[in-house]
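There are two complexes below, and they share subunit A, which is joined by subunit B in the first and by subunit C in the second.
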Partner chain A sequence: MGIKRIKWLRFRIILICIVFFSSFLAIFVKGYQLQVLKRDELYKRAYMQQRRNITQQPRRGNIYDRRGEILATSVDVKSIYAQPNRINNLNYALVNLARVLDTDPHKLEKSMVSNKSFVWLKRKVFPDQVEKIRKLEIKGIEFVLEPRRFYPNRELAGHLLGFSGLDSRGLEGIELFYDDYLKGKIGRFVVGRDGVGRNLFTEKGKDSFFDGGDLVLTLDKGIQYIVEKRLKKLVQKTRAKGGTVIVMEPQTGAILAIANQPDFNPNTFWSYRPSNFRNRAVTDTFEPGSTFKPILFAAAMEEGIVKENDLFFCENGQYEYHNKVIHDVKKYGWLSFKDVAKFSSNIGATKIGEKLGKDSYYIYIKNFGFGNKTGIDLPGERSGQVRSVRSWSNVALGTASFGQGITVTALQLVCAVSAVANGGNLMKPYLVKEMVDHKGQITGRMYPEVVRRVISEKTASRVVSLMEEVVKKGGTGSKAAISGYRVAGKTGTAQKVDTATRKYSKDKYVSSFVGFVPADEPRFSILVVIDEPKGVPYGGTVAAPLFKEIASEILYYLGIPPKVEIVKKESDHKLYAGSKVGRPLTDFVFEEDQDWNLEGRETLFPNFSGMTIRQVLKVAERMKIVIEIVGSGRAVDQKPKPGTIFEAGRKFQVKFQPSSA
Partner chain B sequence: MTKNDQNSRKVGGQSFYYDARLLFPVLFLVGIGIVMVYSASSALAFKKFGTEYYFLKKQLLFALLGIVALIICSRFPYRFFRSLTYPLLILALIFLAVILITGLGYSAGGAKRWFRLGSFSFQPSEFARFALIIYLAYSMNKKKDVLKDFYVGFLPHIMILCMFTVLIIFQPDFGSVVILGVLAWIMLFVGGVRLSYLLTSLALIIPAGYFFMVSADYRLKRITSFLDPWQHSANDGYQIVHSLMAFGTGGIWGTGIGKGYQKLFYLPEPHTDFIFSVIGEELGLWGVLIILGLYILIFWRGIFIAGNCKDSFGSFVAIGLTTAIGLQVCVNMGVALGLLPTKGLTLPFLSYGGTSLLLNMASIGILMNIGTAKKVLKKPKVSKT
Partner chain C sequence: MDKQKLKKKSIQSFPVTFEVNKRKTGAKKGRIAFITILSILMVFSGSLLYVWSRLRAVNLDYEIPRQIQLQRKLMQLNTRLRLEAATLKSHERIESIAKGDLGMVVPKRGQTVVIYNGN
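Presenting the complex of A and B:
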């Protein structure tokens, strides 16, 4: 090879090298441009394509009653969505989807012909429809699990529970009031996505997600059931416009049951009129009428202006009072204070009110909680109307004395009467007992809260005695009496204001009864309000019997043993066992319609004390149990103790002693 | 063997000369390639074969075979290739013809480019490239003095090239044709074929190439989408756009090995044609620089060997092999970066692919052999002990 040739070769090689090195340089420059200069723009584009914001719906918390029975829960159902940009054969998809979902294909088309990558087709679909659509195998139709609210007891406690809508948002009742707690926290995640659109892994936002918490109510499903069943029957029977019953624990303010008519099934709330959703117990106000009188009596006795035996002249049923005439249902002459209560004389009440004075009375009305919201954990509570005392005319004082001219909610009334029942403390009513978060930890527990002491314990027990008179023979509330138990109560029959004439209507009444059992140590107080019953409107004839029905059944349900009158004053069991009981105990009679059959249900061992052997054997026969008899005379002791829950195969023994031993 | 010669090592008692400046960059690239092939292909492998290691395992095997091929070729006196010129040429033509005519061709993506041998496939166009390099080197060396003559020095070479071109273009594999054409052009240029012939051929080829591009719809689309990829990002610009986004996402430092997104079914062929994009995304600009630097080292060493070879056959072979690697690098990277329209070309040493890896590593072996041969010729070693 000649030198020249080699030089030429090298020259050409260098030329080629120059070309290659410029190419390498170009590659580097382009790389620098993409990775440094245009980095943000390109990264943004890539990020938008690769990441997807997804939300994870939290599971809405359950609602339980006090015994742990489920009242509201969430079940997972499938929802269908479409990704229109992925659908290949749109016509095929439209026709078939419309057929399965039973809709118009054209309507579907409108929502589908868009460049959206997400369109809901149908939310919360039944499993059979899901299966049918799955079988169509349309690309771009996807399913996602969504929780659906389910109320297993249908109408039961519907007004209290309320309901939640499609997006798991509480719309009424507890569902609304505790929505923040029940709903949990939606998880918003950024999820990586691969080139064919599958989600990969979560990038961030995981900590913020959590399921909703559970609520445990003070409500008792059994009591609620009793109350609803009885109320519904009565409202139907009396063809009333509506009705409300509240059952409350007087010592604590815990709500045991609230029932309203008309009712609704929260599972299908959309098929009812919104007026059905109203929880009348807190959202509706009414003039209470005579059921309000215990407040007056309590005030008057606390102020010491009347005694049980003070006499009031009841004007023979017609009392001209500041140019107005006040009537009583029956004509009374002189009545003792006790009898004013017992017979519910409006004229008597007016005179007591006059004696008390409006300023003093007003303070008690306010102290008992009227005119203010009780603060219960339910939405839509009203405060009722108690006009300022300065604007009270003399007539207003008179009418207020028998519960007209002021409006209250049923809840306020039952709270006020419960204050009398528990010895004088106004309790704040509450419905949620415990809050249990998604980890199962109790995050909130509600304790009874005393709003204020309104009357002394002594006054309270005197008012209770007056209210017991009401239920006794001859009293207006005698139909509320339950044999074997001490019942205290008060009837009420209030005229309604006719919205058209703005005057008291002649035929529209609110019939009510408020009371508690047992009177000396009340386990529950009940208010019954029946709105516009047809026929005889009196509280004593409409509301009192319902009170009795409900109370008897609850007593039975709770296993509260009856007490014979004579025993009530004996504080010690042993004392009465050897006491000289002279009075015959035959007034304690089992009601014939009481069902003592034990088969298939939980029941309680009755109290036999004071019964003869023959009576005990009769009960035993009805209950289909065998009782061992020891001794003779009247029953003085028994095994097991009264109120014990029956267990099959257990031995029963009753001891007898001659009564005049 | 002298102690001061740092580029030579004694292995197993036998004299074995190897060029560290060539070997280490290559091994480094192959190593990076194995890691990146795994990173890029695991998702795809899992989807297709149920195991994420499918491509990794095969690439490891090819790398081992490649090292063996490299060692053998470095020990195999390159001059023997002269006598193998025509057998290689005929073998390459037969392969190409068979793949085209018979049903043995294994098609992927509408193009018949591979032979299937069991679970392995073989790409004849890669082999054809090697055969062409040997042929041109042999022919130009033989015709040294009459190379300037059109009928002796230019036409036969062009005719052989055309035979290859025609066979490959019907696969169709336009990328390989371009590489082959440019490679032949460079070799003829360096070999000393008259410049006027070469320039004239360019003037003829460019309109023909243009006509060819326009004639096939998919090739035309590649051009239009190359010019404005964002406009066609939904269909024809898809690959380029995602490759560009990969580089952008990587930035200077990269997302980290395995953390890229584009390989997850955004980029087609992330472990072969677009492995450079995956590198750009996961290793960033510094990774790109290192890779580019390693290629430059190899290229520079190859050119050095070519320039210092006293035997013009060796020199031509070295030029051919080096520029073949350099061309593949430039075209593959250029495509990935959006500088060139998309072509189905792999990145030497890095991309997944048995034929490519084996032949490229064999090329390095041959280059090393040419390099050592020069030393033996120029300065015969004398043992001092």
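Presenting the complex of A and C:
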């Protein structure tokens, strides 16, 4: 019995051992099979299940104006795609999708019945459309986020900004020129995921990804708006073919505004003709006409061959020159050099050109930057046409003297005149002020760049004086004069070449005006070019008034105060120091020509009593003093008291009370 | 001779030696037990720490994508709001409201006074 039990026990032990052994053997074999034989295949399968490939689209950089206002930005919006094999009721889907997306159901059907497993229905749609489609609850219609470019100011600076396409690539303007910087780098990396498909964090491959950088432009949104609004109005009024206005800082070459007509809205660029996208300021060339004369005057004066009072006989309006007849708009006899500029005599200019000589003139034309690209950071810039001096015909010097026979871009012209305005330095124009990377660090900062000195400061100042004469009473550009400011400018009316006859057209003109303000301390230069205006085509009639409108508004916008002409009177000092002091100024009438400037004079403080705040501030403005205003109403008290000797740097206070109090 | 003497001495001193060894063994056992418990505790707490850190890492693996997602959402919201603000600040819109709705006009010359800033 005992032995039997022992045998049974032994048998059971052996059995268990065998079971364990065979189990371990089986595990080992399976382990070997999985870990060694099928290792690569299983590893691959596990990797596929546990990892997910993610493609991260970078954010396209923003574009700001000089004051930090957004001009272009990107926002993620939904794109709609279909997986046709998952759609149950195709007819229902087609009818409803076509209705919401406003497309042709047959077109939709064509794309849906194809064998593709993925079909774009519409990309970058507005949120309301997304909601409508979501409500349809169609299986197989999915959404994916994609960045869409928005230009919040609509048409504003459209030609400069350009636009980017569906794949977020720049197609025009700044968007195209700085595309590499704006677009960033796409990220393709692998993230882990758990059993239910949730993403797990991973840094793998993230180093190569970065968002696009931002650009800060030299452009001023306010000035751009002023320019665009005024230009549009004028182009509509004159039924012109187009127009361009450029506003530039002459001291630095920074572009403050560039406007073109016709314009377009970059948010919906596909609904415009491609010709509307053209930034005429840099892509179109034209014969400048008389706006080119400042270059001739500068060259002639720099070479010392003319003086302001030299006389030129203007042939009573008709001058036969190398078998061609040159005309003036009005008949002039003898004109001084100054008056040749003022009245814009073509005959006078031709004679000055003859005196200067074609070789010398050509050098100046090239030095002022004509015939070469300015190098502005915009795509599609053209260089214009200035033929080599060796190929100039006899008549070419004459026509070039009044800006015909050579072609320039609007940008070249404004840069050349800015060189006169800033004292003789040709500046390189630029549009981007700063480049800020995705981490917020400034990676590039543009500084003003002098291309070359073209004329001396003395000559520049003499040319400015000539250009001021143009804007004064009797000058061709008198309509550009702005009360309270010194304006320098030059009008231009150029005949266009008729492409059919290859001759100068008699009814197609380019009217232009180029100038800067204030003439003694230029803050900005403006070029106005109106292409084929209907009616009176003269630059002084069409472009000069637009210059005035734009310049006045910009001066106002920038807070540049007018400078009242000081009328020197012997009695001035006495009048100010004596008669106004101590007498209440209740019936004060502000006199425009009165010199309130106290600089360098010992005088007495006036009596403000009874004056309004506006009147006191006007006096303060003219006296160039800062007055502290206390209260409101009319002046009742002041510190220092009336009659006190004026001391510069002293604090002034005037107390006001309402009249009824 | 010397060896015999030593043997005698050690036999005589045996009981004393035994008691000393017994005490020593007890202390040694206690120490071993202490070290063992300490080791177990250390291994246990180390394991706990390891597990806790692994759990924390896994949780963070979930948390970080959630936070990144949230950050992206908030940034998008920020961009949308900036875009809306920029649209509302457009000069065209402001001018039309000022002139149309509020009846404002551009001040004429003489209606504005530029205050000298002392520079």
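By our rule, the second predicted complex is superposed on the first by the 446 of 661 C-alpha atoms of A that agree within 3 Å, B and C clash if a C-alpha of one lies under 4 Å from a C-alpha of the other, contacts with A are read in each partner's own complex, and residues count from 1 in each chain.
By definition in this document, contacts are C-beta pairs under 8 Å (C-beta built on N, C-alpha and C of every residue); 3 or more make two chains touch, one makes a residue touch a chain.
Note that this is a predicted model, so its numbers are computed, not measured.
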Just to be sure I read the superposition right, which of the two partners does A:625 touch: subunit B = first, subunit C = second, or both, or neither?
second
For A:10, using the defined touch cut-off, is the partner it touches subunit B, subunit C, both, or neither? Pick first, second, both or neither.
first
Check whether A:32 is in contact with subunit B, with subunit C, with both or with neither, and answer first, second, both or neither.
first
In the overlaid three-chain picture, which partner chain does A:192 touch, first (subunit B) or second (subunit C), both, or neither?
both
Could you tell me if A:200 is touching subunit B, subunit C, both of them or neither one (first, second, both, neither)?
both
Which partner does A:69 contact after superposing on A: first (subunit B), second (subunit C), both, neither?
second
A:452 in the overlay: touching subunit B, subunit C, both, or neither? Say first, second, both or neither.
neither
Quick one: is A:150 in contact with subunit B, with subunit C, with both, or with neither? Answer first, second, both or neither.
second
Contacts of subunit A common to subunit B and subunit C in the A-superposed view 192, 194, 200
Residues of subunit C defined as touching subunit A within the complex:
60-65, 68, 76, 79-80, 82-83, 86-87, 89-92, 109, 112-118
Across the complex, what residues on subunit A touch subunit C?
69-70, 73-76, 150, 152-154, 156, 191-192, 194, 198-201, 221-222, 225, 229, 483-484, 556, 559, 561, 614, 617-618, 620-621, 623-626
Residues of subunit B touching subunit A in their complex?
43, 186, 189-190, 192, 242, 244-252, 261-262, 264-267, 280, 284-285, 288-289, 292, 295-296, 299, 303, 306-307, 310, 312, 315, 319, 323, 326, 330, 333-334, 337-339
Touching subunit B in the complex: which residues of subunit A?
1, 5, 8-10, 12-13, 15-17, 20-21, 23-24, 26-28, 30-32, 34-36, 38-43, 45-47, 49-50, 192, 194-196, 200
